[in-house]
Amino acid sequence: KDWTSATITLEGAYAPWNMTNADGTLGGFEPELAKVLCERAKIECTLVASDWDGMIPALNAGKFDVIMDALSITEERKQIIDFTIPYAATPAAFATAKDSPLANAAGTGAIVKMTPGQTGVSEIDALKEAFKGKTIGIQAATVYAKFIYDNFGSIAEIREYKTGADRDLDLQNGRIDLGFDDAVYFNNAFASANDTLAFTGPEIVGPIWGAGEGLGVRKADPELRDKLSEAIKSALADGTVKELSMKWFKVDVSPQE
Amino acid sequence: MATLELLGFGSTGWGALLLVATLMTLAVTATALAIGAVFGAIVASAKLSGNLILVTLGNIYTTVFRGVPELLIIYLIYFGGSSAITSIGNWMGYEGFLGLPSFASGALAVGIISGAYQAEVYRGAYLAIAKGELEAASAIGMSRAMRVRRIIMPQVLRFAIPGLGNVWQLSLKDSALISVTGLAELMRTSQVAAGSTRQYFLFFIVGGLLYLILTSLSDRIFNRAERRANRSMPASAMGQA
Amino acid sequence: MPGVTRLSVRNIRKSFGTHEVLRGISLDAQDGDVISLLGASGSGKSTFLRCINLLETATDGDIFVDGEQIRMVHKNGRSHPASQKQVDHIRSELGMVFQSFNLWSHMTILENIIEGPMHVLKRPKAECIAEAEALLEKVGIAGKRDAYPAHLSGGQQQRVAIARALAMKPKVMLFDEPTSALDPELVGEVLRVMRALAEEGMTMLVVTHEMSFARNVSNRVVFMKEGLVESSGAPEDMFGSGASPAFRQFIGNFGNGQ
Amino acid sequence: MDFAFLFSSMATLLAAVPTTLILFSLSVLCGGLLGLLIVTMRVSGNPVLRNFAKGYIFVFRGSPLMIQMFLVFYGLGQFGFIRYSFLWPFLREPMVCAILSLALCTAGYSAEIFRSGIRAVSPKEIEAGRAIGMSGFLLVRRIIAPIAFRHALPAYSTEIVLMMKSTALASLVTVWEVTGVAQRLISQTYRTMEVFLCAAVIYLVLNFIILQAMALLEYSLSRHRRPAPSAA
Amino acid sequence: MPGVTRLSVRNIRKSFGTHEVLRGISLDAQDGDVISLLGASGSGKSTFLRCINLLETATDGDIFVDGEQIRMVHKNGRSHPASQKQVDHIRSELGMVFQSFNLWSHMTILENIIEGPMHVLKRPKAECIAEAEALLEKVGIAGKRDAYPAHLSGGQQQRVAIARALAMKPKVMLFDEPTSALDPELVGEVLRVMRALAEEGMTMLVVTHEMSFARNVSNRVVFMKEGLVESSGAPEDMFGSGASPAFRQFIGNFGNGQ
C-alpha cells in the first residue's frame, strides 16, 4: 500500500509529550516531532486526540494508523502491534513530597542502568529497605507498573491510577508516599505542583524500559512502519529530535545507542 | 494564570472549546435519543406483540442494556462496531479498515442503552391508553394502520413525555462516558483542559456546572412539553406533573 | 324508506371458551325501528351488539347490514371476517355508542367528531366541520367544540359520543347502556337526544335499563335471557298483559330496585 | 473462541466481585439513609431545609457521577483543613471516598423517589391516623412510611440497579472493581471483546439477582393489593 | 352516667380565607345523647365535626371534651392548639368515622383495629387483639379479620372503620355521613350497627342524610344552615308540628329527591 496520508493519535493531555492548547490545537514534543517526521516521510498526517485506555485496540480496529503517545516498545505490545525504531528513551524515577522523610533517599542524583528481569541491583535493594511499608502510586498498565510490582510488590503497598495526573494529585494530598514514572514527565509535573514534589532515589535507565518510545503501527502495515522509521533515523541523525527535546524537556531524550 | 483568562474566549482561554463541547454533548445526546426512539419503538412493539419469540427477544434487549454498565456497552460498540463494519466491508470487497467515527459510535452506544429505557416508557404509555378509545376507533371503521397513526401514536407520545424526560437526563449523563472514545464532548474536554493546564479542580467544577445548566434547561423544556400535552387532561391531573 | 331492512341478524352464536354466551339469536330492524334490548346482567346483550359490529367475531350465524352480507371464513376451527376492508366499511355504517363514552382524550370535541368523516370517509375538512357543528348544535353542546373530553360532564361526553357516531351517517345506531355510567341528574340530557333521534326516524338498537325509554320511545322490545331471545313484541304488549312470566319477573325486580 | 482465555479472564474478574459488592451494598445503605434525611428536609415546612434539599437534589442528580467522584476524592484532599482534621484517616481511604461519592449521588435520586412515594399516600389515610391521636414520628412510622415505601419500591429497584452499574466508575479513584479490572486486563492483553463480555455476564447475573430479590420483596409487601384469596 | 356532659362546644367559628363557614355554633352532648346533624350541602356540617376533633383549627370558640378544655394559643393572627400532646389525647377520646372509611390500605382488618390501642394507647398486644375480635364480632365481620380493606365491600369497610374507632374506647363518636358513599343495599348493614351502638348508650354526633335514622334513632336533631344552627330539638318536634319553615322545606326537598 502506498502511504500518502495517515492518521496519528495521541492523548492530548500528557504534557509535555503532548497536550491540548486552549484553542483546541495539539502542542508539545510529539506533535512537533510528528510534523517533522511526516514531512520527511512525505505523508500527509492528521493528528487526532483519543483516550489512552482504548488506543491499542482502536489502532487495530482501524480508527487510526499510528500511535504516538510516549508508547514504550515492549515485548507484550509487540505481540499485538508493530513499532518503529524509538525516537526517545527516557529514564524513570521515584518522586515524593519535598518535605517527606523519604526525600533524598539513597542514590538520589545517580543513574542506574538496568536490563529486563535483572535482580540484585544494590541501589534498588537499598530503596527496598527505605520504602518498606510505604505506598507507591503508579499508572496502571505501564512498563513502570510492572517494574514496581516485580521489585516492590512484596514490601510496599501499590496503588494503581488510571492516569499519571491523578497519581500526582494524590502525591500532593499525601494519600500515597511515592510515585514512580517517566522522569521527564515528572519534571513537568513538579512545576505545576508548585515544586512541592521532588525526585528521590536514582534515575533508572536502560533496556529495562524496552527500546524506548516508538511509534505504534498495525502489523499489517510494514511499509508505513519502515517509512516512519527512516524519517526517525534522519531526524535523530541531524539533531532535530534533540533540539525539540531540549525545547520541551530541558534534557535530551534521544535514544543513546 | 488567572482563572478568568483560562475560562475566557481569548487565545489562551478555554471558553470557546468548552462551549463547543457543551454543544457536542447536546448533539450527541439528541442523536442518541433519536436512535433510541427507533430502537425503543421496535422493542416496545415486540414486547407488546404477544408473540412469544418477539417478547423474549424484547425482554433480553431491555434486560441486557439496562443491566450492563454503560461504560462496557460503549466500549463494546466502539470497538465491536468497528470490527463488524470492517469485516462487512472486507466481505463486500473493500480493502482495508473501516471505522465508525467517534460521534457515530458514541451516539449509537448511548442510543442503544437509551432504547432499552425508552422501550419501557413506550410500553407503559401504550398500556395507559384506555382500551375503550381503541374500540371506539374500530367501531367507526378505522383500519389498523389508521388506528396506530391517529389514536395510538399521539396518545403514546403524550403519556411518554415525563418518562422521556427522565431518559433524556440519563442519556445526558451517559454521554459523559463517551469521553473514552475521544469524542470532544463536555466531559472529555474538561479532562483535556484539566490535563493540559493542570487546573484539575477548576475544569471539573466548570464541567459540572455546565452539566447542571444543561439539566435545568432541558428540565424546563420537558416541563413545558408536558404542560402542552396535558391540555386535554382533567384540570386536577395537571397540578401533579 | 320504511320497510327497508337495515339490519338482519340470523341465528348468531358466540362462545367464550366453553361458555356459550349467545345461543342462536335472530333479529331484523326495518328502517326507522327503535328496538330496546332488555335482559339481566350477563344475558349477553353487550356481546350481541359487539358481534353485530364485529368487535367480537360470532362463532356462527349471518349478519346483513343494509342488505350486504358480512363474509366469513373458517380457519383453524374459528371463524374470521373474510375481508378487513369489508369489516371497516360495515363498521362505518353502524354507529356505536358505548356505556363509557370512549371519546378520544387527546382530541377536542370537534376533532373527535370530524375524525371519522375526514379520515375514514375521506371527505373534505370544511364540509366535515360544518356538519360537526350542526350535530353539536343538535345534541345541545355547540359551546364546547374546542374543549377536551376530560373537561366535560358525563352527560355532555355521551352526547358528543352520539354526535361522533352520527357524523358517520350510519344506517343503524347501536347503543350499549348509554346512560348507565351517568349520575341520575345527567341521564335526562342523553335520553332527550335519543328520543329526538328516534323521532327523526333513525334506526336504533338500544341496550338499556331505562324502562321509560323502552316503554315510551321504542317500537319493539326484545327480552334476552341466557343467550336467547326469551320474548319480544310491541312495548304495549310486553309491558301490558302480553308479557311472559320471565319478563314480568324481570321488570318486577326492576321496579323494586329503583 | 479461546475458552482457556475466557476462563482465566473470568477468574480474574470474579476476584473483583467482592469489591464491587462492598461498594454497592455500603453505598446503597448509606445513600438510602442519607436520602431519607434529605427527603425529610425536602418535605419539611422549614424553607431553609427545604431549599437546601432542593439544591442538593439538583446538584447530585444533575451532574455526572464521574465529576462528583473526582472532586470528592482528589478535591477534598487539596484543603489543608480537611487533610489535618480527624476526617482524614477515613477520607484517605479510596474505598471510603468511592462509597461516599456513590452514596451522595444516590441519596439525591433516592430522595426524589421517596418523595413521590410520600405524595402517593392518600391524605385520607393520614387523616384517619390523626383522628385516633397519632402525630409526628408515630404517624410517619406506622402509616406514612410503610405506604410510601411500598409505592416507591419499583422506582427504587431501578435506582439500585443503576447504582450497581455506577460502581464501575470507582476505578477512577483506585478502587479496582470488576470494570476497572477488566480495563486493566485489556491494557495487558488487548483482547477487548472477550474481557468485556465476561464482565457483562457478571453484571447481568448480579443485577438479575438484585431484581429478583426486589420483586420478591415487592410481592410480599403487596398482599393488600392482590385479589383476595379465593377461599375468602 | 347520664347527665355528664361529654362534649361541649361554645360559639365555634371557622373561616377559610374570607369565607366564614361556621358563624358561631354551640352544642352540648350529655352522656348517651345521639345527635343528628342535618343541613344542606355546604352548610358546614363536616367542617364542624372536623373542628371538634381538631382536623381543622377553629378560628374562634371553645371546645371541652369530657370537661377538659382544649387549650389554644394565638400566633401571627391565627389560633393553634397549644399542645400537640393534648390534641393527640383529645383525638384519642373522640372516635371519628369518615364518609369514605379511610382504612389503612397496607394493614389487615385486625391490624387496622389494634393499631390505635397498641401504638397510641400503648396497651398490650394480646389484650388489644382479644378486644378487636370482640368488636369485629359485634359489627358482624369476624370472618374478615385477616383480609385487607381492598377485599371488602363498602359496607364491610365502614363497619371496620366503626370498630377501629370503638377500639379506642372513645367518649364520643363522630360520624360524617357514614353511609353516603355506600350503595343503597349496603346502607342497612351500617345503620344497624349504629343503631345498636346508640342503644348501648354511646354518645354520638352523626352527620347524615338518612332521615329515618335522624327520626327514629337520635334523641336530638340539629339543623344547620349557612354556618349557624337554624333550629334544633327532639325528633318528634322537628319532624312534627314544631318544625321551622326552613327545616320543613329542607326535609320536603329530601322526600322528593329520594
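A, B, C, D and E label the chains in the order they appear, each numbered from 1.
Quick note on the criterion: a residue touches a chain if its C-beta (ideal position, glycine included) is under 8 Å from a C-beta of that chain, and two chains touch if they have at least 3 such contacts.
Predicted model, so just to flag it, every value in this text is computed and none were measured.
Colleague: What's the minimum number of touch steps needed to get from chain B to chain D?
Modeller: 1
Colleague: From the C-alpha centre of chain A to that of chain B, how far is it in Å?
Modeller: Chain centres of chain A and chain B, defined by C-alpha means, are spaced 38 Å apart.
Colleague: Please compute the C-alpha centroid of chain A, do the same for chain E, then give the distance between them in whole Å.
Modeller: Taking the mean C-alpha position of each chain, the two centres sit 84 Å apart.
Colleague: Any idea how many Å lie between the Cα centroids of chain B and chain C?
Modeller: Averaging C-alpha atoms per chain gives centres 46 Å apart.
Colleague: Indicate the residues of chain D shared as contacts by at least two other chains.
Modeller: 74, 78, 192 - these are the residues of chain D that touch more than one other chain.
Colleague: What are the residue numbers in chain A that touch two or more other chains?
Modeller: 53-54, 57, 169
Colleague: Give the residues of chain C that touch two or more other chains, as numbers and ranges in rising order.
Modeller: none
Colleague: What are the touching chain pairs in this one?
Modeller: A-B, A-D, B-C, B-D, D-E
Colleague: Spell out the residues on chain B that touch chain C in their complex, using ranges where they run on.
Modeller: 130, 132-133, 135-144, 146, 150-151, 154-155, 158, 231-235, 237
Colleague: Residues of chain C touching chain B in their complex?
Modeller: 53, 55, 84-85, 87-96, 98, 100-108, 115-116, 119-120, 148-151, 161, 164-165, 168
Colleague: Using the touch definition up top, name the residues of chain D that touch chain B in the complex.
Modeller: 58-59, 61-68, 70-71, 74-75, 78, 119, 161, 165-166, 168-169, 179, 182, 192-193, 196-197, 199-200, 203-204, 207-208
Colleague: Where on chain B does chain D make contact in their complex?
Modeller: It comes out as residues 63-64, 66-73, 75-76, 79-80, 83, 169, 173, 176-177, 187, 190, 200-201, 204-205, 207-209, 211-212, 215-216, 240.
Colleague: In the complex of these two chains, what residues of chain B are touching chain A?
Modeller: 6, 11-14, 16-17, 20, 75, 78-79, 82-83, 86, 96-99, 102, 179-182, 184, 188, 191-198, 200
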